[in-house]
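Each of the next two complexes has subunit A plus one other chain: subunit B in the first, subunit C in the second.
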Partner chain A sequence: MKTRRSFRLWDIFYIIMMIVPLAIGMVLQILTKPMAEGITLTGARIFFTIPMPLQDFYVTESQINSLLVTVTIFFFCLYMTHGIHERVKLKRQHFAELIVEKVDGLVNENMGEYFMGYSPFIIAMLALSAVSSLSSLIGLFPPTSDINVVGGWAILVFILITYYKMKCGPLYYLKSFTEPIALLAPINFLSEFATPISMSFRHYGNILSGTVISTLIAVGLSGLSHLVLGWLPGFLGEISWLRVGIPAVLSIYFDVFSGCLQAFIFAMLTMMNVAGAFPMDEYEKRKQRKQIKKQTT
Partner chain B sequence: MQTLPIISINIWEMLYALLNLLILYLLVKKFLYQPVKKMLASRQATIDNDYKQAEDAKEKAFSDQKLYEEKLSHAEEEADSLLQSAVLSAQRRESEILADAKEKADGILRQAEANAELELKKAEETIREEIISVGTVMAEKLLKREVSAQDHKDMIDTFLDNIGE
Partner chain C sequence: MELAIGLILGACALGAGLAMIAGIGPGIGEGNAVAKACEAIGRQPESKGSVTTTMLMGCAIAETTGLYALVIAIILIFVAPNLLVDILVNTMKSL
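Moving on, here comes the complex of A and B:
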């Protein structure tokens, strides 16, 4: 009975720690956000600046929010695997198993057996991207609508892609640019950098466009409301009635659906690109050759 | 409060996001992926073990059944042979007893016959003695003459032997 109580206390602690970062984000938002005057579309607000070489490091909303999202996901993981047991004792375990098995299946399908170690990476990427995008639902600045955040992830993916292309040696990597013919080398070189740029711009653009469209619709509906229902007496005429409910419906698409879809697309592209960059056949051949060399010497 | 322009490139922010993703990857791996995988593996092991045990138990049950069936059929055979041997010994005993009884009866019969013969001989002897003495007296009276007893005996013996033939 005593262990049960402590178990429950830990559960409550995890849940609180899941909610607290989001609450902190909201409080910060309320405390620091100036009242909007008309239509303003700006990037993340800068909290403070850390001087760094090359470029100052601005600690903005997107940095703070992505940190908060990370903490939330971390405690969500702890909550999910708390009390995990062979014989299922808690319902949440089914969900944890579902996540792991689905992502495992996805990775196995898209990347193959060799890349099974990427499962937790894909889970982390999906979770971070989706929760970041969905954080706009509670009024936070979604970190994914900042090009720097998504760009950082895309750079990581680019590093991974290049790492796998380099696995067969730098010479083989350089040679791969001249395929199918040497004339295409510049285009191949460009397309190498196009991958992370297109990935980051796709994701960031979708989330930002959602925010932009939501803002535009809210402002437009407000104007329309004044125009159509402005004749109502007193303060009733000043309330923009059309802004009640309609933006929420649209936000289901622009925030929820688009956010989840972009997270999925980003993860899929990561899997495709990383797995596609690895010349498996060539790698196996080299490995065999090396082994033969080793045996002869 | 200052804001960033809506599109701005900042390498440190990119680095921050990159590290953020990497750290979250490590956290997810350590606290979600590995525990679940470990649990799944141990569950698989348990299930495999259970299946193996069940299989073993089944096999053992089958072999036991075979053994018992064999034993049972053996037992029937044994019982048959036991019964047969019992019947055989009983028959033997019966015939022994019968033979014994017959022997005894024969012995008794022979004894009786012998006895009867002896009695007969004795009776014959007595009768002969009587007849001899009666004959002697009658012959004395008839012939009124002295005949030696030996002569008489011889005469009557021959006479009786002739009759007895």
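Moving on, here comes the complex of A and C:
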């Protein structure tokens, strides 16, 4: 179908704005990384510090990169929903509807009707986590391999879990600690804090282990190629030939598969924990009781 | 002084290696989970999708103990040596 000129211009603007943040990240990477380092394994580099009363606030690579990823996702969403219409005009609308329907189905299956408002939150978490992990493919520092980023998400989920446990009043929440017997209260209290820790460690450990193994393989292969193919004349001997292609095959598992799987698992665990924390029967009972009281008065 | 620093580095590396013995457990557990999932799919091929999703979830949760060991090993390799050597140098200075 024919589109107006301004429509196409907006499309081009959205696509450019999708690519620009990632390009900014790559330029920052090139500008700030010291050349002499070679292949090294470092944490997130600190760009600058803002002095604060209690402790200095470090602005690191992971924060900048996660902000850039957020901007990319934002413009991707704008692009997908641009020109959306009741009678489908553009092909991309089918794709957008497919994503929304899949996530709605997932949330409905795992959390139930009551939590249907959660599907935007879940898809946001999925997209942020997946794109953050996949950003290592273009050479950026993946924000998910920093525990502070993933820990922040896990704390968010922890607050949600506690909110839904408090839904039947604080007394009911405190009583839930003494569930099988009162003796187990300290262990139940500890297991409350184990959820965010295990969630953040799982995601961060998987991505970081992929990075560590990729780096080790790259270093090992460059050493091996100097040993085996070092006799080649001139500059041919200086190029590490074995590093061409072989790390990319491993990166399919460690970066692409593992990153997408961990994003899916983080979203799944969020859904299960939040839905499991909500005492549905008790809540319904209390609601009915309140309604009966209202009717009698 | 050099001996003490060497001891710290060696002990950190040994500790990291020993911590990763914990990788045995998740390996066996995930192998069991995948074997059972294969059996289930062989018996009921039409339930492949849900079995695979559940298996991946279970594998991820079984992996957690191994990942705790990994985090400890990474801290021992990348963070602990600098920290411990700094403490050593500071105490030597104050003596």
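The definition used in the following text is that the second predicted complex is superposed on the first by the 289 of 297 C-alpha atoms of A that agree within 3 Å, B and C clash if a C-alpha of one lies under 4 Å from a C-alpha of the other, contacts with A are read in each partner's own complex, and residues count from 1 in each chain.
As a working rule, contacts are C-beta pairs under 8 Å (C-beta built on N, C-alpha and C of every residue); 3 or more make two chains touch, one makes a residue touch a chain.
It should be emphasised that the depicted structure is a prediction, and the values quoted were computed from it without experimental measurement.
Colleague: Sticking to the clash and touch definitions up top, decide whether subunit B and subunit C on subunit A clash or fit.
Modeller: By the criteria stated at the top, subunit C and subunit B fit after superposition, with no clash.
Colleague: May I ask you to name which of subunit B and subunit C touches more residues of subunit A?
Modeller: Greater contact footprint in residues on subunit A: B.
Colleague: Would you sort A:L261 into first (subunit B), second (subunit C), both or neither based on which partner it touches?
Modeller: second
Colleague: With both complexes superposed on chain A, which partner does A:T296 reach: first (subunit B), second (subunit C), both or neither?
Modeller: So A:T296 meets neither subunit B nor subunit C here.
Colleague: Of the partners subunit B and subunit C, which touch A:S198 in the superposed model: first, second, both, neither?
Modeller: Second partner only, subunit C.
Colleague: Can A:E86 be said to touch subunit B (first), subunit C (second), both, or neither?
Modeller: first
Colleague: Does subunit B (first) or subunit C (second) touch A:S6, or do both, or does neither?
Modeller: Touch partners of A:S6: none, neither subunit B nor subunit C.
Colleague: Once the structures are superposed on A, label A:N206 by its partner contacts, choosing first (subunit B), second (subunit C), both or neither.
Modeller: second
Colleague: I want to verify one number: the closest Cα approach of subunit B to subunit C after the superposition, in Å.
Modeller: Nearest C-alpha atoms of the two chains are 6 Å apart.
Colleague: Would you tell me the residues on subunit A in contact with subunit B in one complex that are also in contact with subunit C in the other?
Modeller: After superposing on chain A, subunit A residues 41, 43, 208 contact both subunit B and subunit C.
Colleague: What residues of subunit A sit close enough to touch subunit B in their complex?
Modeller: Going by the criterion above, the answer is residues 32, 34, 41-46, 50, 52, 54-58, 60, 62-63, 66-67, 70, 73-74, 77-78, 80-81, 84-86, 96-97, 99-100, 119-121, 123-125, 127-128, 143, 146-153, 155-156, 208.
Colleague: Given the complex with subunit C, which residues does subunit A contribute to the contact?
Modeller: Result: residues 41, 43, 198, 201-202, 204-206, 208-209, 212, 261-262, 264-265, 268 of subunit A touch subunit C.
Colleague: What does subunit B use to touch subunit A in their complex?
Modeller: Subunit B reaches subunit A through residues 1-18, 20-25, 27-29, 31-37, 39-40, 42-43, 46.
Colleague: Could you list, by residue number, the parts of subunit C that touch subunit A in their complex?
Modeller: So the residues of subunit C in touch with subunit A come to 56-57, 60, 63-64, 67-68, 70-71, 74, 78.
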